[in-house]
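Questions regarding the structure given below will be posed in turn.
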């Protein structure tokens, strides 16, 4: 190329989208949403033998406002879903989500009354990791896969997210339960009482209004 | 079934029978588990007697079961108190019962502080109310929850409570 | 030193209740909780006046599942209960089941289970100590501890095929026998472990920050320990010397020479020191067990129709196939007595017992867990009152609360 010949070796020509994605993918800041056993494997991934720092993702931050990758490690139960959604909404764009382990991805062995059968029913997920719990190598592979995805699809303004306006998870299980057997959802949030057939997703404003019931002072 | 109670516990059982006539229903044993079955109305007094006179200073475990589908069961709920004599290493299980529609027992938190959360768990899971409990709230399930999931007539996969949440799409945040 | 509320210049009581105190929400997503729990703290400046623990953020219906899965299937669930010492849960569960069914284990099986119990004690205490140190800023100790945990995970993997949740025990035996390679790996592990432990000790035991933040913090007296049903290392650090391995010997524990570690102080430092010393005793037990490992079968006698037959007899003999079939068909399985039994083992965290109510089928009618974490977390308000907010982390770290066991 003539332009590169003209600029010499020290200057590199690329697209803005590519350079932004390249920066983002190599400095992922994970937010470890570690609830159960997978959290220990997540710690092992960060510890000496597996060392997630080799992939530029070692800066675990427990404050969602400083992170761009949420790793949901472990099962999420009904009392935890509002917390999970609230933390997800607090994270700044662009952000990605890894669902680590069988329980987070599908409920795993816990097909019981309280365990959510896969967080993707209520939250967009980018990479799923199988295993109970997954080995640290699998988590590293997921990070590599996510980096690949960011490089392929990423745009500097994050416009690739705008197209994802439909829920991406499986069909809500609530529709399979007869209406007369359903009971009101737990949690002090009025908007989510019962899934009405036909309205699969609520708006964010509704959700935030509902989540405001979660503040600490109500409990004491 | 055939194991004998050690002499100390036999004497204790006789003392309990003498103190609370007719309230010690039976004694059973099975593979080292020695059990007193007591009437619910005097369960608290008997446990207090066992703590102060019998030396059982520690409550190791307290929980319940729902005998709804149990073969030949007469009472709906059974509650057990596993006691431990710390000095001599003796164990004793005290069993009592509760029935619908208003399963109620006296709380033992005044005897053992450790019973506090265990009784709350039983209340949460089975709906057995403990009178005079200082703080009887749900412990594991949310306050708004309806029902008691460890009862036998509660379905294992629940009644739709695990999927009654709003769905977030990626474009929304 | 613990500040009492009275030491602080206190406003009038009515003001204190309304405006003066403020509320801080700790958790459910907080790095120092390690797991998912929530504490609502009532603060007077920095001093904790009262705290309201809120749990259940990981309540997954373990005990409900126990009523639907049979004695061998449920072992995969108890694995996930105290997930930092999985095999200890399996051993406790099958100890209760075998007590119910009246099975006597073979000597080799008992010894292997003892080895795994003690490996899990190391597994648990390493994470507890490492994570407690991590919360207090000592990151290196955490890395040293996880290095050793990886080695134990490799041992799990070699023995059972899974590194984290081995599901290694079966009714009356084990999934499979250990081999010579495993024994060689275990010997190598025992050989290098004391020096690794010495590294952690050297990092923490004279670390001024660590000592200042744990000494005299969260004191639990012996009387309160008894009153509040505390067991395990937390109780032993308070002078309540009770260890089921000595007091009610199960498996083959009476064959081994080891000490029960205890302390009198009852503070966070004592709990840390007890755990460190228990690891040294565990290594002693493991080395005795591996040197005197009996030969013979690992599964109890197959004639009792309680134990799974081995693979070869299932494939090569009609009796083995029928027997296997009998244990796996949903309408056959075990025939336990219609009885109830409570049996407990000394898990790394304390007394882990299972109360099984059996209705005569191969599935427990009620599988109640006696969870040490629940009992220990109930202590929190008692221990934290009067301390400052920075001392929440060492207290939680020294209690070693595992949410999956706390909430089940």
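In this document, chain identifiers A, B and C correspond to the written order of the chains, with residue numbering beginning at 1 in each.
Operating definition for what follows: a residue touches a chain if its C-beta (ideal position, glycine included) is under 8 Å from a C-beta of that chain, and two chains touch if they have at least 3 such contacts.
Please read these numbers as outputs of a predicted model, since none were measured by experiment.
S.K.: Using the touch rule from the top, point out the two chains with the most contacting C-beta pairs.
M.R.: Ranked by C-beta contact count, first place goes to A-B.
S.K.: What is the identifier of the chain with the smallest separation between its Cα mean and the overall Cα mean?
M.R.: So the chain sitting closest to the middle is C.
S.K.: Would you mind pulling out the distance in Å between where the CA atoms of chain A average out and where those of chain B do?
M.R.: 41
S.K.: Need the CA-centroid distance for the pair chain B / chain C, whole Å please.
M.R.: 23
S.K.: Between chain A and chain C, what is the separation of their C-alpha centroids in Å?
M.R.: 30
S.K.: Can you list every residue of chain B that touches 2 or more other chains, as numbers and ranges?
M.R.: As it turns out, chain B has residues touching two or more other chains at 141-142, 149, 156.
S.K.: Which residues belonging to chain A are in contact with no fewer than two other chains?
M.R.: Answer for chain A, listing residues that touch two or more other chains: 77, 79, 112-115.
S.K.: List, in ascending order, every residue of chain C touching at least 2 other chains.
M.R.: 56, 59, 61, 64-65
S.K.: List the residues on chain A that touch chain B in their complex, please.
M.R.: Chain A residues touching chain B: 77-79, 81-82, 85, 88-89, 111-117, 121-124, 161-169, 172-174, 177, 181-188, 191-195, 200-204, 206-207, 210.
S.K.: What residues on chain C touch chain A, complex-wise?
M.R.: 23-25, 28-31, 34-36, 40, 42, 52, 54, 56-61, 64-65, 76-77, 80, 83-84, 127, 131, 142-143, 146-147, 149-150, 153, 163-165, 403-404
S.K.: In their shared complex, at which residues does chain A touch chain C?
M.R.: Against chain C, chain A makes touches at 33-37, 39-41, 43-44, 47-49, 62, 74-75, 77, 79-80, 83, 87, 109-110, 112-115, 132-133, 135, 215-217, 219-220.
S.K.: Flag every residue of chain B that touches chain A in the complex, lowest number first.
M.R.: Touching chain A: residues 141-147, 149, 154-173 of chain B.
S.K.: Would you tell me which residues of chain C are touching chain B in their complex?
M.R.: For chain C paired with chain B, touching residues are 55-56, 59, 61, 63-65, 67-68, 99-100, 102, 224, 226-231, 240, 242, 247-248, 337-342, 344, 351, 353, 355, 357, 359-360, 365-366, 368, 370, 374-375, 377-378, 407-408.
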